[in-house]
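You will see two complexes here that share subunit A, one where it goes with subunit B and one where it goes with subunit C.
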Partner chain A sequence: MKRTLAHLVTVSALALSVALGAGAAQAKEFLLGSELPLTGSLARVGQGMHEGISVAVEMANRSYAGKHSFKVQTIDDETSPAKGVAAVEKLAGDGVVAITGGYGSNIIGPASEAAQKAGLVYITSGGVSPELTQRGYPTFFRINNTDGYALAMIGLLQDMGAKKVSIVYLNKDATSSLARQVNTALTAKGVTVGMHEFDASTSDFKPLMNKVKLQDRPDTIAMVGYENDYVGILRASKVLKPQVKAVVGVWSLATAQMAKEFPDLMENVYGTSMLPYPVEFTQPEAVEFAATYKKLFNKDPDYLGQFGYVQTRLLIDAVVRADEAGTLGKGGLPDELRKTDANTLIGRVTFDKNGDNLNFTHRMGQHQGGKVVLVWPQDAANGKMNFPAVPW
Partner chain B sequence: MLELTLQALFSGLLAGGYYATVAVGLALVFGTMRVINLAHGELVLLAAYVAYAAESNYGVSPVLAIPVALVIVAAASALVYALLSRIDQDREINSLILTFGLGIILTNTILSIWAADIRSTSDPWFQDSMVVADTLFAMNAEVAAFVGGLVLMAGVWWWLNHSWQGRAVRALSSNRAAATLMGVNPRKIEILSFMIAALLATFAGFAIYTGKTVFPALGHVLTVKAFIITVLAGMGSIPGVLIGAVMIGVIESLTVTYLSASLQELAGMILFLVVLFVSPSGLFGGGRALAR
Partner chain C sequence: MSNSLMNRILLAVALAVAYVGVPLVFGGNAYVLGLIVAALTIAGVAVAWALLGNLGGMVSFGHAAFFGVGSYTSAVLAMKLGVPVFAAMLLGGLGAAVSSIAMLPALRLRGPYFALAILAYAHIFQILATEMTPITGGAGGLLSIPRFPTVLGFDFGDKTGGYLIVLTIVVLAALAYDAIRRSTWGLALKAMHDTEVATRVVGVPSTHLKAAMLVLSAFITGVVGAFNAHFISFLDPDYAFSSGWTVLPIAAAIFGGYRTVWGPVVGALAIYLVDQLLFKPILPHGHQMILGVLLCAMILFSPGGLMPALSRRPVKENRHAHA
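What follows is the complex of A and B.
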């Protein structure tokens, strides 16, 4: 009896190991490429997106376990367009199936051109300049764009009843383009707009904000830049105290990081935000995303991680579909991506013929007592806006 | 219009103070060793991050973190000097390559320890406003940095002109061989210069941490600005550094006020080129200019 049982166990174990071995043998491994600024002036945003990409790969490996597996090879472009191109060429040479990543329209432009030449899909959320999709590259895809940010900023300013707005903006591709778009829309609605461009090297904003205060005399200040620009503008404003009702910005502003690092500066300031802080997730995918993010990085996810996750997950799903259809090796991935119609953590994503996601609209959050409260649009709001209110 | 101009001049003066505190260490080392330390900006940044670490981890005021930062920056400077002193041939060009490489190593060390997020002091006193005659506005941090920087620069200038070691530095700067024959120990004087540059870098790092924001890629930007000011001043001139830095600060500030903030860097560079065109040795150059 004992011998029979032992025999049965041995046979079962053998059968199981053969079955698992066969499964493993059938599982295909796909190598994704990622080109990102992990050092240099865009290191923070690059690392944030990298975290989201890592979460997407981890979750995909769980959900496709036994069938497919994914790895990501990341190359740091050091916030340099030339090194971005070199990174894409290296990834193409290493046989990646597609590229996810990129930050900064000026880097993504040449890097995605290199991907196009190599016949590789390049998907991003780090370049919102309209010129990127106007090129009409069949391999270029992005899940967000200037329009989505501009709509949110314009919508909030309109709801506030802003009559005179000073737009203080960084003279880079994406920031200038967004500032111009907001200016055009507000001017068309009869709002008086003052445009003030600055350079990335600007660290003292007092002369600029004094001009805004004494010459423009706006009721609202709109900022389009990055974290250190916002801190400089807000510090200068706090010293000069212009008589405004609100200070509104865009990306990298209504974040947990800014709430923690600069609580005295951020109170009542608005910025684009998909998530409130503390984060509230209800959808199963979002809950899993947040849990995986926490497990991997021991912190709550931010918007960069969220965007990095969504773009990579959509890419992975398209890779699987193309592989199952037998078109992956025959240039079928762009077509599969173009078939995407998914409800994601950033809303519905579909791609037009230029690879743009025309459904993209952002939300606006406001720093309130160390939290970020979603205040626009009304259907996404989880609190009321403090208005009029400024940090000083 | 008058209000705008006065504020522009005041802001330019304070910005010049920041630039000078960063540049003067670079000028001192160049004056002594004829070496451009391209890792100087990263040493400034290291001091700023030590102040951040002390404040965020232990709740220590950035002011109290200065001695700790000084020890760390001095140790890093000593390492830079130790490596530089091993260069036997083509010292000027090889030191550029070496210090550039050390700068990259320091930047990435800072990045891996403190991440890429922007940092600044959370002590509200530094950001509180100081208003002069209801017209001129500044943060306490800016005024403190300007006054502190001025005192330090005056101290360095006095030391160079009135102490034995200071005279030895100037002698070494003027004629290394002759100074050695007169009993000056070049190694001792060079390392002393590096230590004083470390002190200046520590103060500059503290000033930037309390008045601006810091991030790992900032070091290179600081080095470039310091280099421009050092050349504008006349290589090795300490008073020239202050005057050159204030000139750059004021021209940038006036450009922001009357033209565009996006042209301020260009305006500074045009000033730099005009000065070099008129006076190729810089404002106070013309040979071995240390302490003039």
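What follows is the complex of A and C.
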């Protein structure tokens, strides 16, 4: 009996050690690449996305602990298309399994083309230009697009009952495209729209806003640009005080940073935002995301971090699935990523054949007393909109 | 062995290394080869800038205009009219040369006034590229510009192909620069540097010569810009007319020695490759600062640039030779 028991224990121990050994042999470290503008004119947004990517890697290392581990190698593209290409080539040479990052359609275009040539998946949330997905690259994926921003802006303007809207927009590809989309949708609904284009070098918006005030006489001003443009437009408006009921913008506007840095300009202004500020999370993943973000960066997450997190987490999960299916080294990652159907912090994400997430719809937040309150759509709102109300 | 023969042998060895050695060693490393291509792109503009500055006596802050016009001309011809890429590249150079004609009135100006005028011209071309949306794609620019084709089984669209193209452009530009410098035109231009009035008195058409240098410099810059458009396969006005296409070549030319033919090439290779391969990994954010310090040190200790400093014999050796 003793001998049988000893034999059993020995066999069990051997079986356990083989099982553990096999498990250890399967555990892999995956190296992800990240190409981002960490210096230059897009440094601030690039840094935001970089933080989200770091949080995704940290959380994935926790959830896959003992099975797999993940590292990310980041290269600064210095807000330059040529250096974006060089960064992707360097990452490909260093053996990354895929690339997450990229900001600005003009940099993402050539950088993702280099990734396509190297056979690497390139996933982003930093380029919404329709041309990026129209190329039909099988390795290109993005979780947001112009349509989602346009739908949010149009939806809010409709709920406000806007009758005369002046759209003030930057003449870049993504901003022009969004402005045109909003114009077409509002005009079709009988809203009178005035279009006002400006150049990136514009620093004094008073002549433009004076034209809006005296010529258009709108009830709502819609802004499509970036942080510096919004600040310029709102400063000019504060001087000229056009008689409008609301000022609405899109990305990079309803953020904690803008609330802190320009409290006098931001009050009552609307912008796209997935999160209220201070952040209120209820889902377990979202709570963990916020806690990890706080731990790593000692601050609350903003929408850039949230997008960076989501794109990277979806990529990591697809990498693991492809590895388990034995297709990771055989170019199976794009197909695995295309099978994604996940409820994420930015809503449901699936990818069409061009790598676009057609489910993407944004939310609208309003600056209220140093906070960002979600006010649209109704089912996502965590407060009431101040309307009519402007910063002046 | 005479200096001239020695220089020829050195040039032949350097060209052999560039055409054979570099593709063999770095052909499998797209990243390093990509950086060398980017450095040679800057070198091409630096040679064109030095040609205008050294031979024409004009300091230009507007070479980004020629770069942008060349790149847009070539990209639009290839994309919208189906012109073969190599022909479009040469026509890009031609477009830049034609655009420089608009700048001829500025030749009446000298020194900082000329520099300022040409800077303003560059801005005008950027605005034109932004506003001519149906042709240039406006501020959104052009994506998926046709790449270089495969010729006789060799793919000029890949990294090695691109490297050989830009290397050839730079070598031809430098040889043209050298040929002009040695010609009677070069002699007249040198004389103009000392006293333009005196050269006019003896019948040298100084304005014509300066105009010719401006057009040639614009042509070379335009061809380099066109190459870059087909190599990167993307253009927008901010990128094509970026002040970087003026500032970096000037820094490269001064660093390498803009009064020598190969100084701008050596300077571009040195500052770009050292910055990206050495300084950037050490200091990912702020590596340009080291480059700035290095450039200042070079100007202070060897105002003529790197090439004159390298070719200068040590004092001790000279003394020994005289002894």
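By definition in this document, the second predicted complex is superposed on the first by the 366 of 392 C-alpha atoms of A that agree within 3 Å, B and C clash if a C-alpha of one lies under 4 Å from a C-alpha of the other, contacts with A are read in each partner's own complex, and residues count from 1 in each chain.
By our rule, contacts are C-beta pairs under 8 Å (C-beta built on N, C-alpha and C of every residue); 3 or more make two chains touch, one makes a residue touch a chain.
Predicted, not measured: the structure shown is a model, and the values here were computed from it.
Aligning the two structures on subunit A places subunit B and subunit C in a clash. Contacts of A:Asn171 after superposition on the shared chain: both subunit B and subunit C are touched. In the superposed model, A:Val287 lies in contact with neither subunit B nor subunit C.
Contacts of A:Lys238 after superposition on the shared chain: subunit B is touched, whereas subunit C is not. Of the two partner chains, subunit B is the only one touched by A:Phe198; subunit C is not.
Using the contact criterion defined above for the overlaid structures, shared-chain residue A:Glu89 touches subunit C, although it does not reach subunit B. Legend: residue contacts after superposition of the two complexes on their common chain; A:Thr39 is shown touching both subunit B and subunit C. Of the two partner chains placed around the shared chain by superposition, subunit B is the only one that A:Leu208 touches, whereas subunit C remains out of contact.
When the shared chain is aligned, subunit C comes close enough to touch A:Asn106, but subunit B does not. Counting residues of subunit A touched by each partner, subunit B versus subunit C, the larger count belongs to B.
Only one of the stretches 183-191, 219-227 or 273-281 belonging to subunit B overlaps subunit C in the superposed arrangement, and that stretch is 273-281.
On subunit A, the patch touched by subunit B and the patch touched by subunit C overlap at residues 39, 171, 199.
Residues of subunit A touching subunit B in their complex: 39-41, 43-44, 46-47, 79, 171, 196-199, 201-208, 210-211, 214-215, 227-228, 231-232, 235, 238-241, 257, 261-265. Residue ranges on subunit A touching subunit C, taken from their complex, read 38-39, 75-76, 80-82, 85-86, 89-90, 92-93, 105-106, 109-110, 113, 118, 129, 131-132, 135, 170-174, 176-177, 199-200.
Against subunit A, the residues of subunit B that register as touching in their complex are 3-4, 7-8, 11-12, 14-15, 107-108, 111, 115-120, 122, 124, 127, 129, 137-139, 212-213, 215-217, 221, 253-254, 256-257, 260-265. Looking at the complex, you find that subunit C touches subunit A at residues 29-31, 34-35, 38, 130, 137-141, 143-144, 228, 232-234, 236, 238-239, 244, 276, 280, 284-286.
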